[in-house]
């Protein structure tokens, strides 16, 4: 379902005008939640349209976030003279590791933000999907991946900043990114990227690729016996979702000023899925709406009643999935996904 | 300490860890074989078992408290598992991915409930004095090797549970029904097997075993609201490696995970071992995507 | 149960705070931020710390407040997530316009908040021992630097004649950095490092590490494990026949609450190194412990970070009085000039590098769950953020920019 | 010329249970073959074996003279065999038309999928099949909302759309009433000449309506081959199968 044109225009105008409508703090919240919504759009593509549930999107979020953060840590350092990011000193590193040398150039780092999570998703997806591992197995393996990735980040302190993650950025390509003006620019970039991603995915789902992806979800074996190979559709969808998560992670890092293992592990990864479940897994704008709604609710509730938030989050999982599988967007009519479809036995493994 | 004693010690440690994994994963694997759903709140059944052990020991202190705690934890976890099956899992059993998410929600609620009831810092279960010994070797190639009684006790309990479940599946009428539903649900149902009841029983049995495992965990560490989380991801990997609902497969997979971790930890630290374990699992499914034991089932319609 | 009540008070406080208009000290009140993890994995440690900070605010208010104004705490939840700490710090400074913030526990949370405080010119009071290697003009570090906790412990071990040292820690920044410093000193002092092992945060299986320890046969273990991992470690050590009375263990993260929860039976005879123990003598400490118990229950215990959190508030109030202003920069300038004050920890003061000058103590766990002080540094130790042996040529310098 | 499909002494063994024993069978291009037999006779296994879902323990399968026994499923499909499953294997969230277009897609390279355009030729062919299966007025509804019989026809349409030389139809009339069964038989007969069709069923009224060359399978072995009338008259077939089937149908 696509929202009516006047509503779309209103949202676009309000979103673009937000820096002048709301306070600096509210803008920073909106910005980071919009960055999250890029991850949600990716989950919507793989889970909603492709039937592939990944409980490890935090990994790609983290890859994108770290790719940018590694560069930001290098800005302003005199690398030729042996300058290093501060955390390397207390981790006992004596020279800048080779891996980090790839991130000296700001623009190349931006390319990595898209490429590294995308390529890793492609490789991982290909490895797993080609052996026809899907459904629950895939969810469990991606969850293990999220755990392994977070553990690795923490344990490789000399390379990654460890548990503390990477913080304290000041410039990008020489521009100050900490000022209030910069915050507005970063917000607007985030907003434009979300809008672009939304329309790009809308187009993608209208193409034959979208049809094939849904066909793969509906009956992977069926389309195999119709002579199609479902593998590339799944891998491509997972790759796009990986890149989107990576971009989201990089933008989040700019907004929050920090990327750390706490943001990429098992729990954050599964929370990302809940944003989409709440918003509506079958509808693109639902993914964005769900992300904003859950995160603003979390911000409000968790401060006032921290203990209640975990009950609320748990109940949200149970209730939405049990009684409102179409999410918020599903409450509006949705011809694409009749309710009985959601009751269909999902494929497990073949 | 002799180098070979160290190596044998690590093998023993691996088997001991594997026996924890097999108890944690058994219920998951059995229910997965039957219903194709994974209960993400399974770890909280371990937690529940731990807390029940703590409560039981308050009522029945003394050397035999732990033996009383085991049936209590089994029944308590089986009861909660039964309720979970009836209320959430059954409703969603045709949607395995949604079951995953809903049970994750249940797990969050149970963890927070434990936090509010018992406090975040966790409670202690003190091992009885009859488990307070070690078997030490002081001569020969095993010189320096010590085997703690608790670890031997865990092995024993795991072996008894495995044997019991194997008997149940292979020798009883219930087991026959389980195998029948496992192979072909519609046909079994057509032949008069109450598949719903089989689902419920196996699920409760599986959560009960997890509760029992929780008592064992309490001997090794603290009982905290998140105690189940540390065992649940390896248990998932065991299920993936083990193959659909196979007892033998689950046991072999647990041994693989336990031994792999224990032996690799000789060379790398624990964090890296976790990562290598996942790499191992992914490589393994490249060769055997169907797991250690492939159960041929016509019900596997895709 | 306690959590819930707390949550409600926090909600009330937060909502009243939100109602107040821009200037933080209009109409006879002044707002300060209290930012700890009230949920998530760190809540276990940070909620008691929040309690101590609120107790200090209560006590100051009971005596008429600061500069004639009542202190209104704005409580926020960092949710054990560094990004949320940064987010809430921004909120406190930008939206609530608090004059200062007390909070943080993990280095990750402090690192994430640091740029926020620098950008918005705020002042953060950080009460937990940490790995050093950081000085910011916008942070007051009252918790121990490595030379106030880790090195005194090594010094003590050396004096006891322990030569072979085994390092066990959780795999994160503090243990790795503390051990890096310890290793330099172990080598420098001619001792033997007989092993160094880490488990992931929250790790519960120690079978492999215990096998390594059995193989290495150290004289003492220096333990930087965190939280639950400690319980698993001591239990499994005991099961392997290595109780603390046979193989001494020096821990850096076990304080009174952990000892109480783990049960002294497991830990009896093990050692810890802190700048405060509940059992310290002195009227100020007795009063503090009594006040805490009166407010939070007779069976509650206090520990080092809690006292630092409490003392941070007290020193902030003194510095504000001296400065005659709540301006963060002025308060900071006064705070480092206050000189020694009497506190539950004994005589302490902030040094020019904004860390605390304080005494180091070694405690031995007693059967009642309290620690008996068996050694203390001859004088309060000056904080050294950069260990000269490990990080030669690095130092803090004095801050002029803010 | 070699026949389109030839099974040579195919045996399938499921962990000791012989689903098929020494089955040989040939089928000419554009011909109709009916396969009948009681439940558990191995009909579906035979189908699974031809399309590579089950691998024979012994024997081999030739398609257009080429051994396909070891080929992966999609390779077998590419050579021109398409199967309709017992339970309707449609794509429920796609529209009826999308189902046919997905099936009739000529260029299956995934990188050619990033377009909203469909070649006119494929569109025309899909419309033509839509008419053949009589679902013109359901063109744009999700396949999930079709009635049971309509789903069966849609799947036949999908199989046809692949332009495969050999169509395997596994119980195309399962769950249908007599009227729909008759229509299905007409639909299948209209396909002969353009495709070879192997129909599996046990509904005798349907088999009689098709009236083609019939093979009877029993306990994994071929019991009898011949015209429907000959099969009808055979005592052995009657004994193991027809008597029971009659009861079932009635």
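The first chain written gets the first letter, and so on, giving A, B, C and D; residue counts start at 1 in each chain.
Here is the rule we go by: a contact is a pair of C-beta atoms (placed from the backbone, for glycine too) under 8 Å apart; a residue touches a chain by one contact, two chains touch by 3 or more.
Since this is a predicted model, take the numbers as computed values, not measurements.
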{"item": "Central chain (distance from its CA mean to the mean of all protein CA atoms)", "value": "A"}
{"item": "Higher-contact pair (C-beta pairs counted), A-B versus B-C", "value": "A-B"}
{"item": "Geometric centre distance via CA averages, chain B-chain A, whole Å", "value": "32"}
{"item": "Where chain B and chain C are represented by their mean Cα positions, the distance between them in whole Å", "value": "38"}
{"item": "For chain C paired with chain D, centre-to-centre distance based on mean C-alpha positions, whole Å", "value": "73"}
{"item": "Length of the line joining the C-alpha centres of chain A and chain D, rounded to whole Å", "value": "44"}
{"item": "Multi-chain contact residues (two or more partners), chain C", "value": "3-4, 43, 171, 198, 200"}
{"item": "Contacts with two or more other chains, residues of chain A listed in rising order", "value": "151, 154-155, 219, 221, 307, 310, 344"}
{"item": "Residues of chain B whose C-beta touches two or more other chains", "value": "115-116, 229, 269, 271, 274"}
{"item": "In the complex, chain D residues that touch chain A", "value": "51, 73-74, 77-78, 82-83, 85, 89-94, 98, 101-103, 105, 108, 110-111, 113-116, 118, 142, 144-145, 158, 162"}
{"item": "Chain C partner contacts - residues on chain A that touch it in the complex", "value": "23-25, 28-29, 32, 86-87, 89-92, 151, 154-155, 157, 162-165, 167-169, 178, 252, 256-258, 260, 262-263, 299, 302-310"}
{"item": "Partner chain D, residues of chain A touching it in the complex", "value": "203-204, 206-209, 211-212, 214-215, 217-219, 221-229, 232-233, 236, 335-338, 340-341, 344"}
{"item": "Complex contact set, residues of chain A against chain B", "value": "47, 51, 53, 55, 127-128, 131-133, 135-137, 139-141, 143-145, 147-148, 151-152, 154-155, 219-221, 266, 270, 273-274, 277, 307, 310-311, 313-318, 321-322, 325, 342-350"}
{"item": "Chain B - residues contacting chain A, complex", "value": "32, 36-38, 88, 91-92, 94-98, 100-102, 104-109, 111-112, 115-116, 229, 233, 236-237, 239-240, 244, 269, 271-272, 274-275, 277-278, 281-282, 285-286, 289-290, 300, 302"}
